[in-house]
Structure formats: C-alpha cells, structure tokens
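Worksheet: one structure, shown below.
As written, the chain order gives the labels A, B and C, with residue 1 at the start of each chain.
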Amino acid sequence: MSIATRTVRTGERVIVNALFACAVLSVAVTVGIVAVLLVDAVEFFRESSLVEFLTGTVWAPGQGGGEGGQYGVLPLINGTLMIGLGAIVVGLPLGVLTAIYLSEYANPRVRGVLKPTLEILAGIPTVIVGYFALQFITPSLLRPIFGDDRVFVFNAAAGSIAVGLMILPIIASISEDAMRSVPASLREAAYGLGSTKRQVSLRVVVPAALSGIAASVILAFSRAVGETMAVTIAAGNSPKMTFDYFTSIQTLTASIAQTVSGEAAAGTVRYNALFALGLTLFVITLAMNLISARIVRRFRQVYS
Amino acid sequence: MTQGQTQVRLRGGEDHEAPLEAVFRLEDVHVHYGRFLALRGVSLEIGRNEITAFIGPSGCGKSTLIRCLNRMNDLIPGARVEGRIDYHGQDLYGDGVDPVEVRRRIGMVFQKPNPFPKSIYENVAFGPRVTGMRPESMDDLVERSLRDAALWDEVKDKLRQNALSLSGGQQQRLCIARAVAVAPDVILMDEPCSALDPVSTGRIEDLMEQLKRDYTIVIVTHNMQQAARISDRTAFFTAEAAEGTGDRTGLLIEYDRTDSIFTQPADKRTEDYVTGRFG
Amino acid sequence: MTASSSVEVLAPSRLRRGATRSGLKILTDAAFSVLLFVGTIVGVIALATLIWTIVDDGWARLMADPVAFMTSYVSRLPARAGIKAALVGSAYLMALTALFCFPVGVGAAIYLEEFAPRNRVTNFVEANIANLAGVPSVVYGLLGLGIFARFLRMGPSLLAGALTLAVMSLPVIIVAARESIRAVPDGIRLGAFALGATRWQTVRRQVLPAAMPGTLTGTILALSRAIGETAPLLVIGLPIVIFSLPNDLRDPVSALPLLIFDWTSRPQAAFAEAAAAASIVLLALLLAMNAVAIFLRNRYTIRW
C-alpha cells in the first residue's frame, strides 16, 4: 500500500464512506454465501440425517420432492476425489515441466508465445472443454487405446484429463513465478561449480521453489474440486463408490448440476440437498485455499 | 553550550545578523519516526525572499526538516514533530491547521522530477484547478508560470504534448512552473538538481536567483558548491550516533550567512565539511 | 579432498563440451531437455487439438447458414436450432454484469489502496476478498438461487443472473484495479499533495486516470471469464428453451454457454454439431474481448 494518510476534508467524507461501503460489500457477499448454504443445509439435515449424509455410501434422491431417497455423500466425495487426483496426475507433471522450461530454458521469444498460449488454455470456457472431453478424449483417445468395452461413454478418466488441462496453467504459472523468484545467486553458485542446467534446475531451483509449487498444486486441486461443467458432461451422473476410472461417476458439483436441471421445488428434500452439497463443497475449497495461501505467504517471506 | 542546542556563535563583537523578516521560526524542533529520533533540537529562522540552504552529509535529517515545513511528514505513518514551527507567527502544527491549506502556500519540488502523465498545460493547470483559484485566463496563468520557470520558450508550441516526453531538466523546470502556478509564498526544494546533468543544474540555479525575488526558497543540497553559489544563508547539519543503538540522529551545528559559513565557519565540524576534509 | 590427492590441471583441450562429463550425464541432460520440451508441448498440442475439434465439428454447421444460426431460436430439430436467444441473452448479461461490478469493484480497490488505514478491519476485508476469489462458481450459483432468485424474488431473470455473475467477478476486478492503482508511482501523489490537493482530488484527477487502462483491461478479462460461465446460471435456473428476447430486467434470459451445455448433453450427433458451432461463436466472442483488452493495455498503459 502506498502513502497512508487520513487527510479527508468534510465534503469528501461522503465519497470516502461510499468507497468504504464498496469494500465492505465483499464481506456481505461472504455472509450471504454462508447464510444461504447454512440455512437450507440445516433444513436438509433436519429432514435427512447428518450421520447418513456423512457416512452413507448411496446417493439416490427419491423421486419428485426427494423424500424417501438415500442421501449418503460418500459416492460423490469419491467421484470428486477421483477427478481431483486424476486432474493432478495430468496437470502436475505437465505444469511443473512447463514451468521449469519457461523459467530455466526458454528464451524470451519462446516465452512470449508460450505464456499467452497458457492463458488461452486457462480461458477456454469449461463447457467447451467438456465437449472436447466427450467428443474427442473418450472416443478418439481413451477408447482406441483401452478398448470400447472397457471405457464407458461417460468416464472419470476423460473428466480427469479435461480438468487436468484446465488446471495446468495454474500450476505452470504459479510454479514458474516461484522458480523465477529463486535468487540468481543460488543458480550462479551452482553453475560456478560446474553444474549443468539440468542439475541446477532439479537440484537447486525446484527444491527452492517447492513451497510455491506445493501451493499451486493445492490451489489447482481446489479448482478441480470446484469444477462443474466439464465433469458433468464427460464423467457422467452415476454416483458410485469405485476406483475404476473408465466407468461413469458423479462428483459433488455434477450432482448439483443434475438436481437443478430437474424440477426441484423449493423446500423439498431434494432442493435442500443442493445446499448441503454446496456447503460441503464450500468447506473443502475454503480449507484448501487457506492452506495454499498460508504456504504462499511463507515462501514469499523466505525470499523477501 | 549544552549538546543538542544550536550553536550560534558570535564573532568577536559582531552580532549574528538576524534575517530581515522571518517567514519560519523554528524552536527546538525534534522529529521522530516511530521510536527513531531522526532530528533533534533545531532552532533557526528562514528569511523572506532569501535562499536558505540546508547542507551536510547524508542521513542527518535535512530532508526530514524540510518536509516538516509543509507538513509532508504527516504522510509518513509514525512521524511525530515536537517543538514549535511558526509560519508568519502562526503555529504550523496547531489545532485546526489544515495541512492542505499549508501546502497551498508552501510548495515543494522533489529530487526526482515527478510531472503528471498529462500534457504540459494540464500539469501547470492542475494546481490552480484543485485549489479553487479561478483565474480570468488559465492560458495566461499557464504561460506566466512557464515563463517564471524559464521553460516557456521551449514548450510554447507543444503545450498539449505529454510532459513525460520532456528531458529531465525540462521536467524539473515544469515541476517548478507547476509549483509557482498556485502562487505560493515559499518554495521548498529537496535536492532538486541531484538527478540532473550539470547544464540543467546551472539553468535551475540561475532560475532560483530570479525566483527569490518573489518567493522564499529553502533548498536541501548535497552540493556544497551549489549552496555557496546561490544561497543567502546556510545551515549545516550533521548526525550523531545515539548511545547503544547506533541510530544516527541529525542535529544543526551552525547557521549563518553563507559567506560566513564558507569562509569563516565558527565550528570545527563545519570547517571540516566545507573544506572537504570529510563528508 | 585429502591432502595427498593432486589437483588435476585441466588442459585446454579438456574444456570442450563433454570433456569432464560422462556419457551418461550428457545423455541424461539431453533426455531431460527433451522431457521438458515434450511436457510443455503437450499442453500446446492439447489446446490446438481442442480448438481443432471444435472448429472441425462445428464449422460446416455454422457456415451452412450463419445468419439463420444466429437469428433463430432453439428448436427440437437440430437443423433448425439457432442461438438467437442465447446470444442476445449473453450480451445483455455481460452488459448488466459490467454495470454492477465495475463501479463497486473499482470503488473497493480505491478505498483499500488509498484510504484504508492499516488495521485489523482492513486486513479482514482483504483476506475476505482473497477467499472469495477461490469460491467455486457453482457455489455462487447457489448464492444467486437462494438469495437473488428466491429470497429477493427475482426469479430466474436477467437481473438475478447479472447480479450473480457480478458478485462472482467482483474479487477479480478488485485485484486487477488494486494492482493498477499500486503501479502508479508515489511521486505523482506526492507532487499533487505538495500543490495542496486533497487525497480525493489526487485520486480522482491523477491516480485513477493513470490506473484506468490496467483496470479496464482487467475488467474486460474478468467479464470474458464470466461470459463463459455456465454453472451459476444453470443453478439459478435460467432457461434454455425460450422464444423471446428480454424486455425487462425481470424477464427470463438464456445464455450461450447454457445452450452449448444442453446441446452437448443430447445424444443426437446433429446437436453435437450445433453445440460445436455455438462454441465457435462463443470462442470468437471471447477472442474479440481479449483482443480489445490487450489492445487497450498496449496502447494506453503509461510507461513511466
């Protein structure tokens, strides 16, 4: 922040108060989110048991208003984690490799092309990535390699690859920032001892940037957990407890999308379940974001 | 004399000549930044239509002091001024004194020229606009200010051009034009030439000679020769390490007419500095 | 090193590349470089494949009769279906979203950068904004559903949709605006203060204009993200099938990504083509917006 001063004349008080209101509005938004999620989620837990929610392995909302259905969230958590982990398996190596390349090897011209490319990748709307997963990844990539009978039309692997592509830019750019922040003196010391670029990258830069890389992974995982459209389109709507990546699953987010696509009248169990899912999602992503932010703060301190 | 007080020496039987009319009168001024004492025990007077120079090695509080004179130190969190600074007899830090009003009368030119990223015309017109001056003709006011800053001839055909396209020396003269446009009483200059080449420096020094006819000027400078050339009075500062911490606190050693300071300094420290033996 | 070993003086001939590196080491270095390149290029190829898939699938459909495609409403027959309602809806949504979130976002940024004292309240507000930036878009959708659509009785309308997207874009705009404001050198502020300008005068007349190009660029980028978002609009319940254009803020409105989602989810191949065609239109829109943003940034950013 630049100069701090409280020099405000009377006539300008009004303006400053209006500006303050704008800033405080953000707090109102958070309060709104928490309130909306809690109120209806609590309602849901009153009609359907919290214990069943947290431990049940079947998610099968009843017909119509949803009464009489089973509301165990574990299959959805299962699906969400599968996608999240799968996305990291795709995005982490590619992202870190890209980051190392950009930070240590690429010349300014290559960087000038690559960085915008990454930004474009990050900017592709998620529905379109979902389309790509359904119309290309599954039929032209997964099925030819693994066989038509093995790979379902909707499957977790396609969803993971799609989300992995979406989080690649996050991991790449934050990791690259972390690597570039490593002081030149460290590199120079290693080069001075006769190290090759590979050795400097792997033994000096990456370890030094590790906390930044870790923060980017957690952030990317959080993003993957919150991703809705690509997984809804490509990974299916079948909540189940499984480890099979070639079958269809359902994530927390896809379940929300499916519920609202149907007719869910307000006040019904089915409607309130939406907010219970939303609350779960909010808590998970909030926790990840806080952890990631803490790691970022720590790594900034080390080099400032 | 006890430590920390201004050493105003009397030469033989001569009285140290008081300024004709004091614009500023400082009494025992101390400046703290948080717990750090940056400057202590400064007492002096600044004379009207004179150029007063603050000289001394770096880190002895000259900039701190000059920033007290237009309350720019208010902008630094934790800055605290003790003692009394009178401006035309009025306590500059008294209750109810509005720093904005203070700065309208006491202008400042900075070490690094900082023109606004706007046209040359807009730079000069900004001050009059925000201070509510309503000149009959803004064009005339801009021209007059640019002439007073010895810049008019060079820019009169390109008033609408961006100020950032000017050279360093021109930018600094633009900042001076900008400062005089609001018709101040005093112009403070914090090392105005240290970022400029010698030719530009010379032009600005000539300019200051002219400006002092209408304004009171206080200048902080690292360049002793500059102080010797242009100023009427000179104040010499140095810094002493505080016990234990090693923090250096600035203090005023000597304040007199410039020719006295440079030819017959009363204090040995002054003599060492102006003869180049240290600093 | 033991005292008895002698230091081998390297003859000049031994300075050539590979002189002291073992064959294995050279191989590893080269292999690593290849790995990096491959890792980086995969992302690029994936992007290229994605765009190619969309264009290949949808070009024929789009070019068969582009005017009809963009001026027809949806239909059960894929050959007759058009994006009129969705396209216009997205345009209205974007305009209204900008109207809501730009002033509030910039106002908040100005307050936080120029007027806010450094205290716990300010830190809390800043932390809060950082958290909001990481909330999944589907949760914003739940906020919109619970508060705008239901509690404030706006229903699935243009107003509810725009407010939801605005709230979602707010953190991004605040961050972009703050960075632009921070980039204005302090010398400008000092110069203005020294002339007797008040804080607000300085901000309004010098700081804000100088920060505007960067702020606008950031805003346009944020809006281009919002325009591609499906989940929030899906959750609020904006319609996909609609045969009129909105006349009023309370009218229901469709959106392009919603339509793409719907068509993608249908089994008929013809609808897949239509989805791809609509995706081309959406991508073109995004490309245009980003181009404007970059043009603004390059042309009007002040080089201090």
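Criterion: contacts are C-beta pairs under 8 Å (C-beta built on N, C-alpha and C of every residue); 3 or more make two chains touch, one makes a residue touch a chain.
Computed from a predicted structure; not experimentally measured.
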Requested in this report: When you average C-alpha coordinates per chain, which one falls nearest the overall C-alpha average? Tell me, please.
Outcome: C
Requested in this report: Compare the CA centroid of chain A with every other chain's and tell me the farthest one.
Outcome: B
Report task. Averaging only over C-alpha atoms, locate the centres of chain A and chain C and give their separation in whole Å. Result -> 15
Report summary line: Note: chain B sits from chain A at a C-alpha centroid distance in Å of 56
Query - Centre distance in Å when chain B and chain C are each reduced to the mean of their C-alpha atoms - result: 49
**Report entry** Sites on chain A at which at least two other chains make contact
**Finding:** 3-5, 7, 9
Report summary line: Among chain B residues, those touching two or more other chains are 75, 77, 100
Report summary line: Within chain C, the set of residues that touch 2 or more other chains is 118, 190, 198
Query raised in the report: Of all residues in chain C, which touch chain B in the complex?
Result: 118, 185, 187-188, 190-198, 201, 205-206, 210, 302-304
**Report entry** Parts of chain A lying in touch with chain C, wherever the complex brings them together
**Finding:** 1-9, 12, 15-16, 18-27, 29-30, 32-33, 36-37, 39-40, 93-94, 96-98, 100-102, 105, 114, 117-118, 120-121, 123-132, 134-136, 165, 168-169, 172, 194, 196-198, 201-202, 219, 222-223, 225-229, 232-233, 253, 256-257, 260-261, 266, 274-275, 278, 281-282, 285-286, 288-290, 293
Report summary line: Per the touch rule, the chain C residues reaching chain A in their complex are 20-21, 25, 28-29, 32-33, 35-40, 42-44, 46-47, 49-50, 53-54, 57, 103-105, 107-108, 110-118, 124-125, 128-132, 134-143, 145-147, 150, 167, 170-171, 174, 182, 186, 189-190, 198-200, 224-225, 227-231, 234-235, 237, 257, 260-261, 264-265, 272, 275-276, 279, 282-283, 286, 290
Query raised in the report: Hey, which residues of chain B end up touching chain C in the complex?
Result: 70, 72, 75, 77, 100-101, 103-105, 107-108, 110, 112, 114-117, 126-127, 129-131, 164, 175, 178-179, 182
